[in-house]
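In the two assemblies presented below, chain A is common to both, partnered first by chain B and then by chain C.
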Partner chain A sequence: MSERAQRLLELADDELILGWRDSEWTGIAPTLEEDVAFSSIAQNEIGHARALYELAAGDLDTTADALAFDRSPEEYRSAPLVELRRLDWAHTIARHWLYECADELRLAELKSSDDAEVAGLATKMDREEVYHRMHAQMWADRLCGEERFESAVDELWPYALGVLSPELRTALAERVGREQVDAVERGSHSDELRELHEEMTMVRRSIPGATW
Partner chain B sequence: MVTAAAVWDALAEIPDPEIPVISLVDLGVVRDVAVDGDNVRVEFTPTFLGCPALEVMRDAMAEKVRELGGEPDVRVISDDSWSSDKITPEGREKLRVAGLAPPAPREASAPTLLQLQSSAFRCPYCGSTDTKLENIFGPTPCRSVRYCNGCRQPFEQFKTI
Partner chain C sequence: MIFEVFRQERRGQAFAHAGSIEAPDLEFAEAWAREQYGRRQESEALWVVPRDAILEVHDFPDELNKTYHRVDGYSLKAKLKEARERAGTAAS
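The block that comes next holds the complex of A and B.
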């Protein structure tokens, strides 16, 4: 697999899995407005995943749906940060904020890529992510200094570092005001991902090869 | 013989699936139409990549081209070639009449929360600028929800993108 396809799949898997995790708040968020916000963010992250999978699918002679749903959990390249299932608000906002901070740095790098397709898509994604970042920062400012939120950020911080390539980690540490520690790297998956995969691919597996 | 002008006219009849008061051409999402014999290539950029109406729009455009006797090749372009500034003046007015405030112009720097929280957004119902942000997000990725203190109505604001 080309390096480009590998990078695209890392990004696409992050956005797909995080989109699923965000969607778990649909119907049960603490306020109606947050129900709307997390559902909309989830939908948009999955839209980003689709566009990234389509680009990768062209390189790999397959389809976006096959990449999203027909691989085994071990083949996903998602960062452990997005796989965690932590249905409490402090962890949800901590992850949302850490991920958006990391994603901003990653997209900034991709926007200046020599690869016009990747740079074009990253620019489009970044325009949209502005609204996700606004939302994440608004909550981070509101919860800053609260014990539950700060301990959630501390717990997830090694995972957040694992979202980025090593050369971008210093900038992330500065951005979120934390010291660099050993990152939880991509490459191994949690049982939480396997459970999510089971649910996420259930309908598609029910009738293999069907056109929906 | 299919002409590009005929294709543009036909595409202008397709309502946006989620905001049917405005057509895809008014929305500015059709980037290019190229005709080569019977082959018609249409390039379009979705407003947001998370737009759930993407397939519906693509299929509707292909259908229109077939009605004209052309062979459609509708391509989704996922780059920055669409912005909310591409909505035509007619399109903006149609949005406003339907109760959906048109987007503020795109600026060199990205929009900020502070800007959205300011009251400089006009209510599409009563025209007051005494409005406040209720939610950055709304029923579709391209919309925010605001509230007008003037006429005490919530309304939707098309996002600047």
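The block that comes next holds the complex of A and C.
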């Protein structure tokens, strides 16, 4: 697999899995307004995943749906940060904020890529991510100093570092005001991903080869 | 806090009331208004206004029945018909 396809899949898998995790709040977010907003953000992430899978699918001679749903959990390249299932709001916002901070750095790098397709898609994605960042930051500002939020950020920080390539980690540490520690790297998956995969691919597996 | 949201559907059109949002401050109100009233490309622009900033005005007395102040004081239909007859351009 080309390096480009690998990077696209990392990014796509992160967005798909995080979108899925975020959508677990639909119907039960803390307020009605936040329910709508967070569900919409989840849909955006899945939209980004689709666009990235489509780009990768062209390189790999397959389809976006096949990449999203027909691989085994072990083949996903997502970062452990997005796989965790922590259905409490402090962890959810901590992850959202850390992920958006990391994603901003990653997208900035992709936007200046020599690869016009990648740079173009990164630019489009970033226009939506601006509002995700705004949303994440306003929540982080509001919860900042709260014990539950701070301990969630501490817990997730090594995972957040694992979202980025090592060259970008110093900038992330500066951005979120924390010391660099050993990252939880991509490459291994938790049982939580296997459970999510089971649920996520259930309908597609029910009638193999069907067009939806 | 309650914020009232007004939505402009297309550039140049008047803003119309779309609904309200409960949010702790203007920043949250903006984020939530975007998602509730803009995410489907249904709006060109939004006005997000604290409900307290809106002055609601009621009660417009017309005790002496001054119909000449009101649109229904004039039968435009009849006047139009007369004018058309005069000009010989009566609508068929």
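Methods note: the second predicted complex is superposed on the first by the 212 of 212 C-alpha atoms of A that agree within 3 Å, B and C clash if a C-alpha of one lies under 4 Å from a C-alpha of the other, contacts with A are read in each partner's own complex, and residues count from 1 in each chain.
We adopt the following convention: contacts are C-beta pairs under 8 Å (C-beta built on N, C-alpha and C of every residue); 3 or more make two chains touch, one makes a residue touch a chain.
These numbers were taken from a predicted model, which means no experiment stands behind them.
Trainee: For the overlay on chain A, clash or fit between chain B and chain C?
Mentor: They clash.
Trainee: Contact-wise, after the overlay, does A:Asp65 reach chain B, chain C, both or neither (first, second, both, neither)?
Mentor: In the superposition, A:Asp65 touches no partner, neither chain B nor chain C.
Trainee: For the overlaid complexes, name the partner, chain B or chain C, with more touching residues on chain A.
Mentor: B
Trainee: Applying the document's definition of touch, where does A:Gly47 land relative to chain B and chain C: first, second, both, or neither?
Mentor: Touch partner of A:Gly47: chain B, not chain C.
Trainee: Is A:His135 contacted by the first partner chain B, the second partner chain C, both or neither?
Mentor: both
Trainee: With the two structures laid over each other on chain A, which partner does A:Met125 touch: chain B (first), chain C (second), both, or neither?
Mentor: The answer is first: A:Met125 touches chain B but not chain C.
Trainee: Now for A:Glu33: first (chain B), second (chain C), both, or neither, which partner does it touch?
Mentor: It touches chain B and chain C both.
Trainee: Could you list which residues of chain A make contact with chain B in one structure and with chain C in the other?
Mentor: After superposing on chain A, chain A residues 33, 36-37, 40-41, 131, 134-135, 138 contact both chain B and chain C.
Trainee: Please give the residue numbers of chain C that touch chain A in the complex, ascending.
Mentor: Contacts found on chain C: 21-24, 27-28, 31-32, 34-36, 39.
Trainee: Can you tell me which positions in chain A touch chain B when the two form their complex?
Mentor: Checking each residue of chain A against chain B gives 33, 36-37, 39-41, 43-48, 50-51, 54-55, 117, 120-121, 123-125, 127-128, 130-131, 134-135, 137-138.
Trainee: Give the list of chain B residues in touch with chain A in this complex.
Mentor: Contact set of chain B toward chain A: 45, 48-52, 54, 76, 78-81, 83, 110-113, 116, 134-141, 145, 159, 161.
Trainee: Touching residues of chain A toward chain C in the complex: what are they?
Mentor: Chain A residues touching chain C: 31-34, 36-37, 40-41, 131, 134-135, 138, 142.
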